[in-house]
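Shared between the two complexes below is subunit A, which pairs with subunit B and subunit C, respectively.
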Partner chain A sequence: MVVGDASGAGPQPLLSVRRLKVFHGKFEAVHGVDMDVGEGEIVSIIGANGAGKSSLMKAIIGQVDRVEGDIRFDGQSLAGRATADIVAGGIALIPEGRRLFPSLSVEENLALGWEVGRKGEITLDDVFELFPILRERRRQKARELSGGQQQMVAVGRAMLSNPRLLLCDEISLGLAPTIINDIYKVIPSIRERGIGIIVVDQDIGRSLAVADRFYCMLEGDFSLTGRPRETDRDTVMKHYFGL
Partner chain B sequence: MFNGFLNQIVQGILHGGLYAMFAVGLSLSVGVMRLINIAHGDFIVLASFVLFTLCTALGISPFLAMLIILPPAFVFGYLMQHVLLQKIVGSSNILPMILVTFGLSIIIENGLLIGYGPNPRKLLAGDLQIASLQLGGGVTVGLFPLITFGAAVALIFLLDLFLYRSRIGAKIRAVSDDVDAADLIGLSSKRIYAIAMGIVAMTIAISACFMGIRTNFDPSSGPTQLLTAFEVVVMGGLGSLWGTLFGGIMIGVAQAVGAQIDLAWEVLAGHLLFLLVLVVRPQGLLPKE
Partner chain C sequence: MTMPAQPSLRKPAMRRRAFLRSQMRNIAPFVTLIALVAFFWVASPSFATMDNVANILTQISVAGIMAVGLTFVILCAEIDLSFAAIANAAGIVVAYFTTQASYVNVHNIPLPGGVAIVLAILASAVLGLVNAFGLTVIGLPSFIMTLAMMQIAAGICALLVRGQIVYAVPDLVKELGAGSIGGVPWIVIVLAAFLLVGHIVLTYTRFGRYVYMVGGNREAAEYSGVNVNRVLAAVLVISAVCAGVAGMLGVAHFGSAQQNEFDGYLLDAIAAVVVGGTSLFGGRGGIGNTIIGLFVLGVLNNGLDHVQIDSFLKILIRGLILLAALIINVYAQNLRSGSVQEAD
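Here is the complex of A and B:
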């Protein structure tokens, strides 16, 4: 179901997904979905646990067993490309659970983003400007940081790979509400750089508040797409739970 | 009596340097790739034979031969990981890892037997092998064991510096921390593993040079080196470089003390100490943080 004007990515979207099926072994986690993301656009993907959101993210970044259908980034097919190649081409993932390297310092974790990514204008100083606490903690091991600070490092690491498309997978998971607010405040400022952003989160309220468009996932399909301001909470919840 | 005992302890410490050299590559394999390489000792022996052939054919010193084979050793290790070992790392099932590396061990051992025969060989380093130093207090040390110990410390220091002060080192530690996360952010674990195995192969070439000068070797010497290397790695703490040096020294000293009691106890004392550490401190004496 589509609510309001769901188009928005423009005639030449940054990311274009068509009839995408995602498989984990023989299990089909995503059943032929279509999705677009434009430059500087924030797209939210909401859905309950097991709806297929993370599978979709992993398919885009090239980390699933098998996909069918078409994923195009900037007009180029991502089929068969290794994750390292996809990241170097301009897509970065903030993984679920942050996935920092605990024995590496904050600075080393951040530097890895620069090393693996597309060389661009975002520097370590830009990240420290966004998250000043990380400048103070730059020599500390990642495992010594609080959950919120770790998430800041994960965001900073992804930004330092100078992406044109940023995938944020469950960025509020396990964090205190004030920290989640801080993280979400940063997202619009990332968009201002022309970076397209996909936000995957179970926190529906925050996720929709920041998004230009949204896709609601239910059991591997999109059950609802549209613009957050052109729908109401009841409609979203109905499609979220499949009622 | 006391001076004799002290002398034996010093000899044991110096011998521990050689053991640490055997083990440092294995420690990297286990620490970074979780790769239990049953063929590690055989690769040391293989490298010793390569050095022996180069020294014999070109009439050069083993140290020069070692410097010559370091770059090809890196390439060999890189390719071996890329082509073969990559297929067996990263799985929770360790059976393929054991079977493949055990197979490599058999191939190397029998290949060397066909090529060189069963006779023991030795690398010749001239007067260096017999020179000694009086340290006072009745302690006399061979110059070569002293150099070997110094080389082991230098090797571990350089590896530590490389891992903790270089960009590639940070990537190796990242992959060692969480290989799946590395792949998720676009850090290709396959490439990093290959680089790490290239470095392991270089440490094997270095330890082969010192082993070949210090002791006789033949095609079937590999399992003995492997056993010592495993004990050293486990005693020091899996993946801990300085722990490897400490583990090597402990085994060396235990063997020296054992030999003081009875020559038959020399090797056994090392194994007994290993078992004791395994029971009392299974994480090793200086575990990686």
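Here is the complex of A and C:
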């Protein structure tokens, strides 16, 4: 179901997904979905646990063994490309659970983004400007940080790869509400750099508040797409739970 | 009575305990080494002499050069079972391309020494690349791929020498494997150079950091954009080339090249890396650990000779020491996980 004007990515979207099916072994986790993301656009994907959101993210970043359909980034197919190649090409993932290297320092974790990503204008100072606490803790091991600070490192690492498209998978998971607010506050400022952003979250309120458009996922399909301001919470909840 | 100091006392104590637990992997091999040295020092008057120290250093050299490359592989949470066979192949290749005495019944192809050396190193690198292809492209587990390569390399050895023994190697290899400078065997200097370069690469380079990342959390490394397959391929080639150099120098050191010559080094080098405390689960350890492991094995092997133990019993003792090291390795991993959770 589409509510309001769901278009917005323009004629040449930054990311274009067509008839995408994602498989885990024989299990089909995503059933032929279409999705677009434009430059500087924030697109939210909401859905309950097991809806297929993370499978979709993993398919885009090249971490799924078997997919069918077409994923194009800046007009180029991502089929068969390795994750390292995709990241170097301008897509970065903030993975669920942060996935930092606990024995490395904050600075070393951040440096990885710079080393493996696309060369661009975002520097370590930009990240420290967004998250000043990281400048103070730059020499500390990642394992010594709080969950919120670790999430900041994960965001910073992804930003330092100078992405054109940023995938944020469950960035609020396990964090205190005040920390989640802090993390969500930086998303619009990242968009100001022209970076397209996909926010995947179970937190419907925060995720829709920040998005230009949204896709609601239910059992591997999009059950609702549209603009957050052109729909109401009841409609979203109905499609979120498949009522 | 209130005890206000208790929490503050308990915290440092807990921290100390957590630190000791996390360092168990490094402390245990060091304590083992000290205990072995102390035991053999008391048990045999001929053990603690400068000549014997030099002897131990020479004895660990071939296995040590192999262990440098293997450290990279194990840090990536992979295993290479083919390096000893690749060492054997490289030793035979360099001899195959060297002029042999007339009584050696091998139809070889004599080439200039430099060319023979390059061909032997290239052969090792190619065998390492085949391992890498199997692991990263076909998707075979490293255990299976390198087990197959062990047979392939043994087959190459068999084909080249056909059961014969060859003796001559290029002068440079002969000098580095069997010569010395100022009383210090060249092979010990080569080992020191390999250990130093290995340590620098693992500690101070981007590639070294990626090795630890891939071994410590492969999924995170992949998500971050590290080319994990390239890192895995590189460590297998490094292991093979280290084995190739060890094989060439080993042939010069022992004076001959023949089939299955380095089979015993498979266990020695793996034991050195693991006994030293490098985690079989990857991501922890390094060349410093390998150095301690090499000395533990070197002192054990050499010391057992000095106390006149039955050579068959010596094999059993070595096996038991390796088993103990493996248990400590796994136990330390569990303790560390526990201490991290406790600290959290």
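Everything that follows uses one rule, which is that the second predicted complex is superposed on the first by the 243 of 243 C-alpha atoms of A that agree within 3 Å, B and C clash if a C-alpha of one lies under 4 Å from a C-alpha of the other, contacts with A are read in each partner's own complex, and residues count from 1 in each chain.
One rule holds for everything that comes next: a residue touches a chain if its C-beta (ideal position, glycine included) is under 8 Å from a C-beta of that chain, and two chains touch if they have at least 3 such contacts.
From a predicted model like this one, the values you see are computed outputs, not experimental measurements.
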Just from the overlay, do subunit B and subunit C fit on subunit A, or is there a clash?
clash
First (subunit B), second (subunit C), both or neither: which does A:L104 touch?
both
Applying the touch criterion given at the start, work out whether A:Q202 contacts subunit B, subunit C, both or neither, answering first, second, both or neither.
neither
Regarding the shared-chain residue A:T235, is it in contact with subunit B (first), subunit C (second), both, or neither?
neither
Taking the superposition as given, does A:A82 touch the first partner, subunit B, the second, subunit C, both, or neither?
both
With the two complexes superposed on chain A, say which partner A:Q140 touches: subunit B (first), subunit C (second), both, or neither.
neither
Could you look at A:R157 and tell me whether it touches subunit B, subunit C, both or neither (first, second, both, neither)?
both
Contacts of subunit A common to subunit B and subunit C in the A-superposed view 61, 63, 82-84, 86-88, 92-93, 95, 99-104, 108, 112-113, 115-117, 157, 161
Which part of subunit C faces subunit A closely enough to touch in the complex?
206, 209, 212-213, 216-217, 219-220, 222-230, 283-284, 340, 343
Looking at the complex, which residues from subunit A come into contact with subunit B?
61, 63, 82-84, 86-88, 92-93, 95, 99-104, 108-109, 111-113, 115-117, 157-158, 161
So in the complex, which bits of subunit A are touching subunit C?
61, 63, 82-84, 86-88, 92-93, 95, 99-104, 108, 112-113, 115-117, 143, 157, 161
Spell out the residues on subunit B that touch subunit A in their complex, using ranges where they run on.
167, 170-171, 173-174, 176-178, 180-188, 191, 289
